[in-house]
Structures are given as structure tokens and as C-alpha cells.
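Got a structure here, written out as C-alpha cells. Questions coming.
Chain IDs A, B, C and D follow the sequence of writing; residue 1 opens each chain.
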């Protein structure tokens, strides 16, 4: 009997070991996206049909991972990641959306690479557009700001400076699952970063995975998530327009 | 032995938890179907080849889920859902049919959204056309009256007022299963709601699921079902023409 | 030079001869659709979003084939085919529609087969749903009232009596042509005849041809046409809802 | 000889007449895109890698259809269509681009429908995004501002008021032609109109045709064109970023 248990345990472990790959396996460095200085771009009020997720004061649209009051702070009209308190997600579930969100990396900066001003916007809690301080900060290209994290680097590096607001305008098409949850249409994303197209209807391979490869598992509408990656990032002007 | 059992149990549980999704995942809100006021439409007698399922008096065509006398009431020529007594189904099994059915939502109304005047017609006990009071009542579009529940919103909102009879004329094509029960042709449905086309040969993804995704599992002719969703709804003039 | 002309003429003639087939080639007689006596069905007013094509008085929505005043008559709220004056068409162009139209065959009747009370509704001027007096009148099944003329017989014979109004409720999906006018999606039709489904999303092979086979040639929205087939037919309550 | 010529001419003429279709065939009216009031959106300077096509003064990037000095006017920093002088095109040839362009419809307005403030941006001189005054101005939906003209209506009606600047941010992917000019990938377009997504990677059927159907004929990089449709329209802030 114990043998049997052991066998099972080994089977499970070996499967795990077999599947255990390193994060570096999915981190690419070339070619480098060209540096572009964006134009003077601003979008201060939301469209009439937008759902306001953060207006500078109210965070009632959000909750913590376990459905409680989020522990992030609001100060001077900014929503601040409170490192270590966990990611936050919208109470509302979303499918296809147009999202507007602005972020600001801390100045003075600390750390480098993926440890500096790292956060992320997760569509449907599963698919990440990277948020990072790119100011004099080298990292793998598919981990840059504007990347579909670990899937596709940005078409250009449109980040300005830390301490300045960075603007995302994103069009998200959910993956479509049909009979028995079979994938019928993959997720697709178009991203303007500071007004510069950095993803042009990129077709996602699946969910964002830190280690290993993207996959698709059937799901429906899910919350939008903002990541706590253990570093400070500020947000403002967050709204979505539902497209379905 | 116990350990083994425990391990297995844990494995199964974790899988279950992982697969647990919320009903909100499959509820959509945009775009809103246009409001249409139907014409003066009536259909008082059944065609010569119709099977009368309810003529205002006789409910002998129906039985409860466990094959007993149904506990719904007949009053003033109306078949009334008796909330809490369970859904009812026809004794006869059906495949492809043309169905005529009329329903009336309670007036004065109680509750809102999916809790107001909710019932459903289930073709082959598995595929639901939603019945709901839509009078000043917002809900997710794929949960509106005239929707293939959680699959497709109606092409127009043709509901009139609560307290008035709403008329469904529905053409149902059963899914076709072949060798080893493999799906050969999906189910299809055309729905006129108060004389307005609201589903135009919509191809179903599978069974109606409150949580999760539609699926196809081989089956043959099955009873037509009327749902007890815990709210009052009245029915009259129920007949089907068998198309196969 | 003359030889050359002759040659061309012969070529053209021979092509014509080669293509010349007889109408009987596309006329089928079995199986006979079952006779159904429709229920008491009426639809006296139009939905709020309908375009009224004939309200009992006004025929300004119509014109003759060459764009002139139509020579059909209006009498006692009925639009009457004036045999020999030609078919009439709507001034407006239509794509996908839900059409409601009622017709009455002359009583006492004259002639038999396709010569009795023959007319037709042509969607996009090209695809015909047959109009015929079926009262004790045998003809080829794909030429019966309720047929997609010369393509598909009705699922049932739901005609009542001549001198009585016959009611069509039809859902029409236009063929879709894409790049270079290539067919991307064929036309489809669902027909209720006196409330009885007689065409259930039938997929058309192409245009209605009296002689020869259906074909698809790229076109867009086109007028709805009512045929003058040389026999008297009366119409009333004609309206369409645009579905695109 | 003459007879032969005549015959041939007749043959050609009859074919032409047969193929002659009307513009109405490709004009759709339903469903209406929802009205959205855009947020306060501005983009006053161009990105560092942009090619400036109009900066408020200089029109040296443009020429007339026959390669001469364009006869459009520049006044108060605006580039003004000079009706009747013809469309203008860039001297430079473009493939995939991100285009920014702003237009203003005349106030007070004149005329209605397609005759009011009509112009267009033609990518590669062949594929049009419609420019129109939509202020209280009904037209066919696939001819609205934000439409891929005669192919796809906008997802929303994001026009503000005439006399106000309307902002287009457009991502254009050229069609790809391979061996012998065969189409390998169709053209695709994403359009933000006043910051509202109105085309989400729409796949074009081919060139923009006023009458008849879109087609693909092999071509390479071509000038960007601004249409003279006979009505006044003002432009400013025109720049492109080359994406290939």
C-alpha cells in the first residue's frame, strides 16, 4: 500500500520535474525595438460609454485576490501599488474591451531589469501587458513595457522617462471557446503606448506564463487585474469601454 | 491505502477547484438589441397536424421531473408555474419541432433582472430559450427573453409589457449524432418572438449551462421541458408540430 | 469578312443551343408535401421598425420594371396584379429582410397548374418564393406555393382555399459576395406559410431560373419584386423589416 | 468588317449593361452604431520617427493627381480642400503605416447625407476610410465617418460636432502579394476615431469601389491620397510612421 502511495507520489513529482523549465527559456533579447519619442499626447476625460475604474479617488471598482478591500493606496489622485499586499482585480467581469490606463514609474528609481517599476495589466486575469520602467533599463525584449509578456516584444520602445506618465490605449479581443470549451478563436490585442502602435492585432499563443509555455484553457469573462510585482508603480485615469 | 485515497481525493478536489468558474463569465452586456414594438399578432387555434400540449384545461401531456403528476396549476385557462415544485416535461419525446407557446409575466411584477418572471423552454430537456419579464428590466443580453440562454442574444427586443401575452414561434432542429455518438450536425434554432425574428437559424454550441461552457453529448429524442425558476409565469396555447 | 461574321454568329447560336434545356428538367413531383390546415393566424398591424410597402392604399413604394408608375390596381384595400403590365419592384433596395406579405387567389378560379393564380415574391429581384393557387391544383412540388421555385418544395402544403388570404412570413439572408464578387455565403431562407414552417433555413443554389440551373452572380442590395405571371392575384399587408 | 465590328461592339455593350450595377447595392442602413461622446483627447505634436505630411504650413509633401503643384489652400494652419481641383496624393509611397490626421467639417454646414463635408483618406490610393460631417446627418452605415467605405460600418459613432476637429489614429497593414501577384494576405485596418475604436483589425475585401464589389489587384507601395469629393473639408496635424 505504501509502495503504491510512493509510486503515485513519484509519478506526480516526475511529471512536475519533467514540466519544470526555467524562465530564461522564454526570454528573448533581439532584435531591439527602435526608440521612439512619442508626441504630446493626452486624454484627460473618458468617453461617454466608459466604465470608470479609477477616477483619482474612488477604488470601489476593485478588490483583492480573495475578494476583500484592496490594500493599495490612493494619494494625490494616484492609485499606488502597495508592494506585498497582492494584485488587485475589478469586481466586474469583462470580455472584449478598449482599456485606457496610465502609469508612472518611481523616481528616483531602484533596482534594474525586471525588478524596476514592474507591474502588469492582466486581461481576464490571465493575459499580461507588461508595465515596467524602461528608462535606461535593459531587459529581454519580450519583457519590455509594451510587450505581451513573454510572447511578443513591442514594435517600438515608446517609453519616455521615469517620473512621467505613460499612457496605454489597448483593444482587447477575448479568446472564444465553444463546444466543450474548445478554442474557436484566440485572443488578440492592439496596443498604443504613448500613442505609438506597439502591438498590431497580435494573436496570443495563450495565457501569460512566467515559466513554460502559453496555453489556452476555456474561460469566460473575468476580472481585469493589476499586478503587485513587489515594486512601486502609480496609476491614474483607468477606464474601459465594453465591446461585448 | 488511506493515504493513497487521500492523495487521489486531493488531486480530484484541486482539479475541481481549478475548473470552478462563475456564472458571470458567460454573461454579456453589449451591444444592446434594438427595441421593437411588435405588430398586432395572434394565433388562436393550432394547425391540423399539431400535438396539443396545453389547450387551457388539460395537462395530461406533462409530468414532473420524476415522472409524477405535475404540481403546476391550471386556472382561467392558464398553466401556472408553481414555484418550488420543479420543472415539468412532456411525456412524449421530441426531435425536430415547430413549437408555439405563449407566456405572461406576473403583473404587478416582483424583483428584477433574472429574478423577475424567469422560466425557460428547454428543447430536448437540454437547450434553453429564455423566458423573462423584460418590461423595464435590464439584464445581460444573452439572458434576455428571446435569447438562446448564455449563447446568443436576441436580434431585437420584441417584448411588450408584463401582464400581456408574449408569443413564441420556434423552429427547432435537433443535433444529429452518428457513429459512437459523434456530433454530425449541431442543433439550430429560428425564433419569432411576437412575430419578430430574434434568432435566425442560430447554430448552438451545445447544451445550456448556467456555469461553464456548452457541450454536446450524444442523445436522441427527449421531452420538451418548461422550467420552474422559482418565479411565477403563466402559459397558454402550447402546441408542437413534429418535423421529424 | 462575311465568313468571319457568320462564324461568330454560329458560335453564339451554338452556345445558346448548347445551353438550351427544357423547363421540365427542373420540375419534380415526389414526394408530395403533407397537407396541413393552418391555425387561425392573423397579423393585422406591422412592427414599429417595419417599412410599409403596401398599407391598402399607397403604392408609392413601387415602380414598374423600367422605373415608371406601376400599372397594377388598388381596389378595396387590395393591390391587384394587372396581367400583362409587367412585374413591379420596390424603389428601395434591400438586403437581409423579414418580409410579411398576404395574397389571395382569384375565386372563381381559372386554368390549372402553373397557370392558376401564379405570381411570385422575388428577393433582390432574383430569388423567387412561389405564389400559386393550390386549391385542388396539382403541379410539380418545387413549383407549389411555399416552394423556393424550382429549387425546394415546401415542407408542408399549408394553403387553405382560393378566395382566402394566404400569409407569408419570410426571413431572407442575402448571399454575400466578397473580393472580385466571389460568393462567400449563399442565400438562405426561412418561410412560414400561414404560420406553418415550409422552408427551414434552406440554402439556395442560386438565382431562380425557369429554364436551366441556378447560378450565383455577384450583386448587392436590390429591389424586392412582385411578379406579373399573367394571372390575377391580390396582395395586402406588405411590410419588411431590414435586418442589415 | 463593319458588321463584325458592330457585332463585337454589341456583345461588349450588352455585357457592360449586364454588369452595370447601382451604388445603392452596397449601401447598408442597419444596425445603427451606438453614439459615443469621446473624451477630451489631444495629440498636438508628432512622434520622433514620424514623417510630417502637413504641419500647418508646408504642403510640399503633396502633389495633384497628375503630379503637379496641388491647388488646395493653406489658411490659418489648415489644409483646405479646394473643391473641383481634384484629390491630392503624397509624393512619397507608403506601405504599412500608422497615420494621424485631423479634419474639420464646414460650419455652417451645407447639404446632407454624402454631400456634406465628404472627403476620404485613401491608403495606397485605393482603400478609403470615410471622412464626413456626421452632425445630425443620416447616411448608410457603411458610408459613415469611421467606416471602411462601403465595406464596414464603424463600431460606434464617435463624431462630435461640425466646426470641431475630428481625430483619426489609424494603423494600416498593406495587402501582401506574392508570386505572379497572387494575394497572400489581405489588407487590415484598425481605426481610433476621437480615441474610440471604430475598426478593430478589419480585414478588407479589396479596393474601395463606389459601384460594384471590392477587388484585389497586385500593387506595391503607393501614395496616400486625400479625396476631393466636391465639398469643403479642413485638415491639420497629418503625419505617418512607417511600419514597413
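By definition in this document, a contact is a pair of C-beta atoms (placed from the backbone, for glycine too) under 8 Å apart; a residue touches a chain by one contact, two chains touch by 3 or more.
Please read these numbers as outputs of a predicted model, since none were measured by experiment.
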Smallest number of contact steps required from subunit A to reach subunit C: 2
Proportion of interface numbers common to subunit A and subunit B (over half same, under half different): different
Far-end chain from subunit B, centres as C-alpha averages: D
Distance between the centres, which are taken as Cα means, of subunit D and subunit B, whole angstrom: 47
Between subunit D and subunit C, distance of the C-alpha-averaged centres to the nearest whole Å: 39
Geometric centre distance via CA averages, subunit C-subunit B, whole Å: 35
Residue numbers of subunit D (touch at least two other chains): 31, 34
Complex interface listing, subunit B residues touching subunit C: 34, 36-50, 98, 100, 155-156, 158, 169, 171, 173, 188, 190, 192, 195-197, 200-201, 241, 243
Of all residues in subunit B, those that touch subunit A in their complex: 1, 3-4, 7-8, 21-22, 24-31, 183, 186, 205-206, 212-216
Of all residues in subunit C, those that touch subunit D in their complex: 1-2, 4-5, 8-9, 12, 93, 95, 177-181, 218-222, 242-244
